[in-house]
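Next, two complexes with chain A in common: one pairs it with chain B, the other with chain C.
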Partner chain A sequence: MIEAKDIRAGYGDGADILTGISLSADRREIVTILGPNGCGKSTLLKTIAGYVRPRAGSITFGGTDVTAVPIHEKVRHHKVGYVPQTDNVFGTLTVAENILLGARQLAKTEKEKRFAALMDQYPALAGKKTRKASALSGGERQILSLARALIAGPEILLLDEPSAGLSPLMMHEVFDAIGAIRDSEGMCILMVEQNAFEALGIADRAYVLSLGQVAMTAKASDLLEDPAMRKLYLGGEVHAE
Partner chain B sequence: MFQFIFDALIRSVDLALIAVALSAVYSLIKFPNVALVQYAVVGAFVAMSLHTAGLPLLLAGLLSAFFVGLLAVVFNILVFERLLKVDSAIALIGSLALSMILSAVFLLTYGPTAYRFKLEVTPAMRVLGARITDHQITTLIVTAISLGLFALILFRTSLGREMRATATNGVLAAATGIDTRRVTNVVVFLSGMLAALGGITLAMRGSVSIDLGTNMLLPVFAAAILGGLGNALGAVVGAIVIAAAETVVTNTNVGPLVGEDLYFLPASYAPVASFAILVIFLLFRPRGLFVSEVSRV
Partner chain C sequence: MFDFFIHVASIACLYGVLALSLNLQAGFTGLVNFGLIALFGCGTYGAALASGMGWHPLLGLPAGIAMAALLGLFYARLGRKLSSDYWGIATLSIAEIIRISITNEQALTGGAQGISGLPLLFAGLKPYDGMARLALYVVVLALVWLFCQRLVKSAFGLSMKLMREEPQLARSLGYDLDRIRRVVMLVSSAIAAFAGFLYAHYLTFVGPDQLVSPETFLIWSMVIIGGVANNRGVIAGAFLMQFAMAYVPFIKDALELPTDFVAAARLIIVGGGLLAFLLWRPKGLFPEKVGGSNGR
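For the complex of A and B:
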């Protein structure tokens, strides 16, 4: 579904942050990108999303070359949903307006049907749909951001640190919701995450980055069980239960 | 008293259209575009030329507003998009430069003379003791319709939702599939139209000359800042406050202060009120009357 080959990317005139990364992710799969701060995780996701244009390499979605396609066109024409790490809701709009922004290209009846389904799926939002998004808690905002990305029925979901700033309880709720999306919708989910233990708990595969390159790729379950890998790449964050 | 209220109302509609335009553009491109006041002058001159050429005033005004909207988009694409890639301060200086260039073009094209629309002069009506002219009523109607339509677009249409989303968080708006560049240029176009209509209604009741933009700069900025730069409809409230203050300054008998029975400050002192309010707000409430994030557009 997602195929990135030999990606080199950076910001402005600065040096390459990504120095030749290749990655793939399929339908019905959660692939997580892990690694220490500054290794290029978010830059990789932003490059795949279309915020950052790669200096070299290629990106395809379902076989279509989208290397130079900007984010708004990927969302509209290539069935992509993107959930940024921070500032991921429109605080001045209501919860309902936030969600419906993601459904602009749908017909009215389809829009209403999907909106109702999302309200059933996320009851925490249903009771607050007329409230401004700025009044929501961090976890509710993350769920709202997911709902906005989901309403258009994307085939690819890109998540940038969905647990950032959440309490442990909310973090579990958000990860449960992400796992449920993969299982029910059959989506291809690519997720950057600092919280390696939680991410590997729901992911199928993982890429571990180091200094802008893929240092390791493995099944999530293998990474969770390998103590050397945990120490080397995950900074001891992973604790098998 | 009613005359005072009516004078303040007319002055506030003079300011409101241009102040709303300034604030709406600021909400998206995050710099105060000084050239917007000159767009008002372009609108007045173009409408006057078309009217003089024989077009009915309504058609001349609408065509002029449309032309200025397009001109604003062209300037945005050719000048401001490029300058904003460097810095918003550079874009502000660029807008000042564009403003001066437009002034020079007006001087070359129309000279220093003040022009008036060739309109029929009708006697003022008396309403509750206040003198009200046809052109003042036209100004009120044009402003009310323009601001009403703008508010309707902003709060009742899909485009308006995209405009508010882009103003709140452009990066997130793009991630939601919104073409933020297109939305920005739509707002720039509408702002150009509003500014042009503001200039036309001003010229209808007085005259248009190359000084019109410069004279409007301070009160328009004061109104926009008072309403909270970026809060388009807040600028309307800002315009009302500034207009009321200016009307107080020019309608208050300050005779006792200078040892005379009757003494009114000349109209040229009106900007003192704008300037004083601007300084006070910049010092004590720089984000304007409506500081709530929720109220911002």
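For the complex of A and C:
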């Protein structure tokens, strides 16, 4: 579904942050991107999303070349949903208004149907429909921005640290929700994460980045078992769960 | 005294139109434009052009709006590459470059002397011409206000506010920021030029001194004092500022203060008023009403 080849990218006229990254992700698959702070995970996701235009390389979605397509067109015409790492809600709008922003292209009845379905799915939001989004907690905002991306019915979902700042309980809830989306909708999900163990728990495959390159790629289950990997990238000998 | 009141109210109406224009840009869309006065200048020089070329005076309006549209689109174009603060400085510089070019150019614009002898609107209605003009300005202000209200309450108006609040997030929801910026600049530039055209036919004189950057900051103070992103508020701000400044000389006379006091007091009113509101009432006299967009 997503095919990125030899991507080089950076900001303004600064040096390349990504120095030749190739990556792929399929339908009904969660691919997670791991790596230390500042290694370029968000930049990679933003490049695939269309915020940052690659300086070299190519990106295709389902065989269509989208290398130079900006984010707003990807969202409108290529069934992409993107959830940013920070600043992910409009504080002055209510929860419901925020979510409905994601459904602008849908017909009214379809919009209402999907909104109701999402409210059933995320009771935490349903109870606060008419609240201003600025009054939500960090975790609730994450769920809100996820719901807003989902209401349009994307085929590709790009998530930048969906578990950032969440309590363990909330984190599990969000990850369970993401896993459920893959299974029920058959979506292609690309997810940047810091909580490597948890992310590998639901992911199918993983890429580990280091200094703007893919240092290693493997099946999520293999990566979880590999002691060298644990030591190097996942922080010592700590066990999952 | 009554004539003076009519005069101040007339000017306040035209500044109200300018404040509405700036409010569309800076208030609702977050486009921090410090070069607004150049867009106004397109309107004044559009009027001057028609007069200089011997056209019908009304043709100055489309001429001014066309020039303002081009300049507005140029501003918008710069906004694609520059971050908000740099864009503000760029617009300020461009407005100054335009003013200085006009000052040093003779053939077309009359240079520093400007162009005088434009026809005064409703001159034939003496002695009621002042009131007739004021009535026209009030109608224009009301129509522009109505238009701005409808615009900011539309789906497009919501996209303006989303761009102001979280531009990157707005993009991820399919909003094309370049297009929003273009449309806002086009519409608001035309409004500013309209005010300039009326102003030129009010003073019957057009000159580069009308385009100095403190004028832009005066309009900014009207927007901030009246209430950023509140159309009613910025009109109130325009009237408040114009009347406060116009009545300074009377205070001077009453208190028997020296003549220097007038210029200084006007500066204090703009600067001090701005500061006072930023410190104690940052949302202005009429704060923005937020939300209530039902997610369109």
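What we mean here is this: the second predicted complex is superposed on the first by the 237 of 241 C-alpha atoms of A that agree within 3 Å, B and C clash if a C-alpha of one lies under 4 Å from a C-alpha of the other, contacts with A are read in each partner's own complex, and residues count from 1 in each chain.
FYI, contacts are C-beta pairs under 8 Å (C-beta built on N, C-alpha and C of every residue); 3 or more make two chains touch, one makes a residue touch a chain.
Computed from a predicted model, the values in this text were never measured in an experiment.
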Practice problem: Record, for the superposition on chain A, whether partners chain B and chain C clash or fit. | Solution: clash
Quiz item: Between chain B (first) and chain C (second), which does A:D87 come into contact with in this model arrangement: first, second, both, or neither?
Solution: both
Exercise. Quick one: classify A:L18 as touching chain B (first), chain C (second), both or neither.
Key: neither
Practice problem: Could you look at A:A96 and tell me whether it touches chain B, chain C, both or neither (first, second, both, neither)? | Solution: second
Quiz item: With the two structures laid over each other on chain A, which partner does A:K132 touch: chain B (first), chain C (second), both, or neither?
Solution: both
Quiz prompt | Contacts of A:I71 with chain B and chain C, given as first, second, both or neither | solution = both
Exercise. Overlap the chain B and chain C contact sets on chain A and report the shared residues.
Key: 49, 51, 70-72, 75-76, 82-84, 87-93, 97, 100-102, 104-105, 132, 148
Quiz item: What residues of chain B sit close enough to touch chain A in their complex?
Solution: 158, 161-162, 164-165, 167-169, 171-180, 293-294, 296-297
Exercise. Show which residues of chain A lie in contact with chain C when the two form their complex.
Key: 49, 51, 70-73, 75-76, 82-84, 87-94, 96-105, 132, 148
Quiz item: Which of the residues in chain A end up touching chain B in this complex?
Solution: 49, 51, 70-72, 75-76, 82-84, 87-93, 97, 100-102, 104-105, 132, 134, 148, 152
Self-check item: Partner chain A, residues of chain C touching it in the complex
Solution: 161-162, 165-166, 168-169, 171-177, 290-291, 293-296
